[in-house]
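Structures are listed in the sections that come next.
You will see two complexes here that share chain A, one where it goes with chain B and one where it goes with chain C.
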Partner chain A sequence: MLTFLMRRVAWSVVVLLFASLLTFFIGYKVPANPARMIAGPNATAETVRSISHQLGLDQPFYVQYGRFLGHAAQGDLGRSYKTEQQVLPTILQRFPYTLALALGGLAFEVLIGASVGLLAAGTKLRAVDGLASTFVLLTLAVPSFWLGIILLYVFGFKYPILPLGGAEAGPISLLLPALTLGLSGAGYYARMGRASLLEVMGEDYIRTARAKGVSPGRVMLKHAFKNALRPLITMTALDLGVLLGGALIIEQVFGWPGIGTLAWQAVQNIDLPMIMGTVLFSALCIVVANILVDVVYSWVDPRITV
Partner chain B sequence: MKRMLLGAFSLTLALAASPALAAKNVTVAYSSDMHTLDPAIGDDVQNWPVEHALFVTLLTYRDGTTLVPWAATDLGQVSKDGKTYTFHLKKGIVFQDGEPTDAAAFKYAIERILDPKSKSPQSGKAGWFGNLVGAADFVDGKAKDVSGIKTPDPYTISFQLIKADRTFLNYLATPFGSAVDRKAAEKWGSDYSHHVVANGPFVLKSWVPGQEMVLARNPTYFDKANAAKLDEVHILLSLNDQVALLRAQRSGVDVLGNGVPTAQFASIVQSPQYKSYVHSAGQIGVDYLYMNTQKAPFDNKLVREAVSHAIDKKRILQLVNGRGKVANQVIPLGLAGNDPTVKDVSYDPAKAKALMAQAGFKNGVSTTLLTLTDEAFTKIAQAVQQQLAVIGIKATIKSLPQAEWINTMTTPGTTAIGLSGWFQAYPDASDFLPILFKSSQYAPGSWNLSGYKNKAVDTLLDQAQGVNLGASVTLYQKAQKMILADYPWVPLYYPVVYDFVNPKIQNFSHHPVWGFVYQDWNLK
Partner chain C sequence: MNADAPSLSRSQLKPRNASSAAWGRFRRQPGAVVGLLITALLIVICVFAPWLAPHDPAVQYPNGLSELGAPLPPTHMFWFGTDALGRDLYSRLIFGTRTSLLIAVLSNLIATSIALVLGTLAGYFGGLADTLIMRLTDVLISFPVLLLAAFLAAVLRPGIGVIIAVIGGVGWFYLARVIRAELLSVRRREYVEAARALGASDARIIFRHALPQILGQVLVYSTLNFSTTVLFVAALSYVGIGVQPPTPDWGNMIADGSQYLTVSPWLVIFPGIFLGLSVLSFNLLGDGLRDALDVKSGKKAI
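Right, the complex of A and B next:
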């Protein structure tokens, strides 16, 4: 186990290094001058050059990247070009919001998606299966930003029972963005849950259980569901990793002050330190989630060793 | 495990909560975050109104663009050669931490801006304060202070300039001329923006980046007669325009910082219910089509004249919901120097075609039209493309995000024709013609996008900088006529901003320099 973890951590470092190199290179190659974005359109060319020099943007790529890595290794991701705020504390300040949205969205995804999928596969009624398929198609086809705006209009404006975007109304503000996020991803869980349960239902041990006279309800609950849920665990953990990096579109639509909004504004301002910080943070979340999936999976299914 | 998860969930939700609103408040919503409140750095339409609410300057603008004293007792004394300005300060102006707002605080603020490490848009020798005697030595690290700023006593400050410059008074009236509390600025360094110590009508009560900023009335503000009328101004950040509009229609938002959203503009403006919510105000700026006089085919004056006749400005204005006034010159309406005698170039495609033939382009010519990936500019670019096609100019649209767009068009020789806009930093024609048309401004990072070069115009523009306002207007108008005769631009329109303001707010106006003047607002 320890060897496995050490090997995965080492690989994770390689992945993060590669992600940082790629992002830094793209930021370096963008045909725009961050110093101009900082100085504003009215600043003189000399002022722009001076700011460029202050930030070391006139240095070769390897010098700039080397300096970034050196500081990053000490936990210093630099300061935002635009706001002058330290990158890491800024990301950590936004993290609770992103965490709340990720957990809330995931809870809706799993609850709605898995329920629909398992219900579709577990019932013999074709109408239920048909309804489930329609649900899957709809949730996969409807863009999340559109769904978000509609939900905001209906529940925030037309029938004002929930807050209209933002986070200042407290925990209740989370409901609509989380529901939108959950509905947008629920189709995948429904499809996966349905396929997984159908596959499990055809397994030998299910046939054996039935042959031994175990009641259909018990077969479903005790044997089928438990095993059908395994692939969903993998998916959930991986999704969590992705969502912790920021749900960019949903955060934008709802004015949710998470890491996605931060990343979006950083890209608009060519704020390279903040772009690097948010990308690396997202990559770190995904890498950690992958390791957790392997560990949890071995715990859920003792046949698998790590 | 479940309890732990629930606990973590509750904790994160609790962290997401923010304090409830107080009584006599106004809420303004913006779609982007606030970048800074440091008066040495902030230079956009979002932070200038806040900086103007927090910091006192020697002079300010009232009733439009009229300069009036603020911390100074009067508009200052100017030496005969126009190179020295002396101001006496009002007594009793203090920062919220009790530090005095004296001459030293103003001197420190300008030296702080000049320091290249400040990353101020006006830093260094080329910035607004580079014309001060001793500024170059200070910037180069050869002097500890700027010798041209003298503070003979705590309530007197004088500025000695290298060259006479009438617009120096304007520089002092912008937030760049704000006094800065040295103790706080040195204590917080790069984090000063989040810990600003105010001396204006408001103080910064709280600021959660990406969410909300709260300004509270400053109880120690010196000018009781003009103190803030509101208890607090809540500025919501990063709230998208559509959601902000829904809130403004329902409750929770009183003013849309970004104005009426484009998508809902027609329905809002025509709605009887919201008629009283909409305020319009002309901006001192101009959106224009530039042609690079150094690049074919626009190095041919006949082609530029043809393009000027080919563009239907009224049609273009319709595309932006009529949010502007047709422009016929560079100096915008409302700015001294705008010349009422200038006649617009007529929309005349037949004449334009004839001019193209005369220029030797009877069979047409191809070019690339640069624009910004902005909704309004994209629509305008498509219209310009169609109108150019009528006279045989086949233009391919190249649309870039803001940072790349600015970088591309301010790189000389990169573009032949494109759309751009220019807005005042301070209300004087010197912020338009010299920047946009002086030969020396056809340089990397500078804004002579049309590569216009005319020595006679350069001379006039240099002369205008050193004379009084009345004399400068004559010189600028003369220079502008010469420029327009060469057709380097097609001025398209002077933008008009449409604000969405709850009628319960009294004394709302969109100031040409400050935008929102929070200290003037009151509730009915």
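Right, the complex of A and C next:
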């Protein structure tokens, strides 16, 4: 277990290094000169050169990248070109918003998705199954940002019971963005939950439980659901990793001040240190989630040894 | 007919080839047929856009705005209403369909080609190529793809060519893994061994024996990946790094319209319906192909 974990962690470091190298390389190759963008349109060539020198942008690629890595290893991701704020503290300051949105979105996703999926496979009614698969098809097809806009229109404007975006109104402002994320991801959970429960229902231990005279409801609740939900754990953990890196689009729709919005602004301003920071942070979340999945899996299912 | 003769239907008597059997299975799924019909309709819209659009999508009609300068709701003249500049929404949607689907088709083609080449290298040859390529997909899967695409599109001047290259360049790894896994099993089959024993070259084995075997999988995953691509293109355009105005596409039309949501919600609703319906039909088509071609895995291409 320990050696496995160490191997996974080591590999994750390689993945992160590669991600940083790739992003840094794209940033290095940017046609737009960051020094000129900082200096402003009216700056002289001399000013631009001096800013360029100050930031080390006149150095060769490997020197720049090496210096970035050296600082990053000490937890210093540099300062934003745009706001001159420290990158890492800025990301951490936005993190609670992204965390709240991720957890809220996941809660809706799992609750809606799993109940639709389990209902479809559990009731064995054609009508219910048909409704469930229609739901899956619709959630997979409806673009999340469009759904978000429509929900904003209906519940923020037409029947103004919820805030029109932003996070100023407190926890209630989380409801619509989280619901949008949840609905647009619920289809996968429903599909997976349905397939998983159908598979579990064919297992020997279900037949054994039935043969022992356990009531159908109890078989479903105690034996089938518990095992059918297992694959969903993997999905939830992986999704959490992705969502913690910031929901770029949904945060845009709702003006949510999370890491997605931060990353998006950084991209628009070609604010390289902030882009590096947000990309690495997102990649870190995904990588950690992947490791967690393996650990949680071995814990939930003792037959699997990692 | 003789009463003693065993009652065999025509189809049972005639030896049927695999593709007509697959078509038979495809035809029996109502969802798949609906998906195919809508897809065909979308292709017609793309090809015949100039003839189907009643107005010029770029012209700002003076009578396309109300007296107060607001967009018009659907009228006899402008079927889906007009946008904030007095342009005909219906005509823009027709041309927007063309842009959106063209980008999605081309970038999906790029993604599928990269996946085919790398998946074949990894799965058929194995060894170092396999290790390198699979490790590369590991890295890219851990990457915030949308952010990467946004970054690339922003630093390279936003434009249709860049969008196609970027989306194609980040969309191949899932399919590459599928192709690799399939080839890993195909290359150990007897007919491949036999071909090799007869002295066939690697190229001949790959193109004549191995790849034709996995064509079904590639087609299915490519179709399912296509609907993801369509959504991805729209999302990029929605946040402003995809297709640039005045060229219409579903994503930037939704973004434009959302600024006037409270006065003219149809500007958001119509493009969203086009987008959603297209994705739905490609998904139905992909699912139908999967069942018809009997591709085992039910996993959705991401």
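Just so it is clear, the second predicted complex is superposed on the first by the 302 of 306 C-alpha atoms of A that agree within 3 Å, B and C clash if a C-alpha of one lies under 4 Å from a C-alpha of the other, contacts with A are read in each partner's own complex, and residues count from 1 in each chain.
Assume a residue touches a chain if its C-beta (ideal position, glycine included) is under 8 Å from a C-beta of that chain, and two chains touch if they have at least 3 such contacts.
All values reported here derive from a predicted model rather than from experimental measurement.
Enquirer: Counting only touches as set out at the top, which of chain B and chain C does A:141 meet: first, second, both, neither?
Expert: A:141 sits against chain C, while chain B stays out of touch.
Enquirer: For A:287, is the partner it touches chain B (first), chain C (second), both, or none of the two (neither)?
Expert: After superposing on A, A:287 lies in contact with chain C but is clear of chain B.
Enquirer: So in the superposed three-chain picture, is A:198 touching just chain B, just chain C, both, or none of them (first/second/both/neither)?
Expert: neither
Enquirer: For A:48 in the superposed arrangement: first (chain B), second (chain C), both or neither?
Expert: A:48 contacts chain B only, not chain C.
Enquirer: Per the contact definition in the header, classify A:36: touching chain B only (first), chain C only (second), both, or neither.
Expert: Only chain B is touched by A:36; chain C is not.
Enquirer: Contacts for A:279 in the overlay, against chain B (first) and chain C (second): which applies, first, second, both or neither?
Expert: In the superposition, A:279 contacts chain C only.
Enquirer: Would you sort A:128 into first (chain B), second (chain C), both or neither based on which partner it touches?
Expert: neither
Enquirer: I'd like to know which partner A:157 touches here: chain B for first, chain C for second, both or neither.
Expert: Both chain B and chain C are touched by A:157.
Enquirer: Is A:149 contacted by the first partner chain B, the second partner chain C, both or neither?
Expert: It touches chain B and chain C both.
Enquirer: Which residues of chain A are in contact with chain B in one complex and with chain C in the other?
Expert: 30-32, 149, 152-153, 157, 252, 268, 270
Enquirer: In the complex of these two chains, what residues of chain A are touching chain B?
Expert: 30-34, 36-51, 53-54, 79, 82-85, 90, 93-94, 96-97, 99-100, 103-104, 149, 152-153, 156-157, 160, 164-168, 170-171, 173-174, 252-255, 257, 261-262, 265, 268-270
Enquirer: Looking at the complex, which residues from chain B come into contact with chain A?
Expert: Chain B residues touching chain A: 5, 8-18, 32-33, 35-36, 38, 41, 43-44, 116-117, 119-127, 190-191, 193-194, 208-212, 236, 238-240, 242-244, 246-247, 249-250, 252, 401-404, 406-408, 410, 425, 431, 435, 443-447.
Enquirer: Show me the residue ranges of chain C that touch chain A in the complex, using the header's touch definition.
Expert: 31, 138-139, 141-144, 146-148, 150-152, 154-157, 227, 231, 234-235, 238-241, 254, 258, 261-262, 265, 268-269, 271-272, 275-277, 279-280, 283-284, 298, 300
Enquirer: Sort out for me which residues of chain A touch chain C in the complex.
Expert: Answer in residue numbers: 11-12, 14-16, 18-19, 22-23, 26-27, 29-32, 137-138, 140-146, 149-150, 152-153, 157, 188, 191, 195, 242, 245-246, 248-249, 252, 263-264, 267-268, 270, 275, 278-279, 282-283, 286-287, 290.
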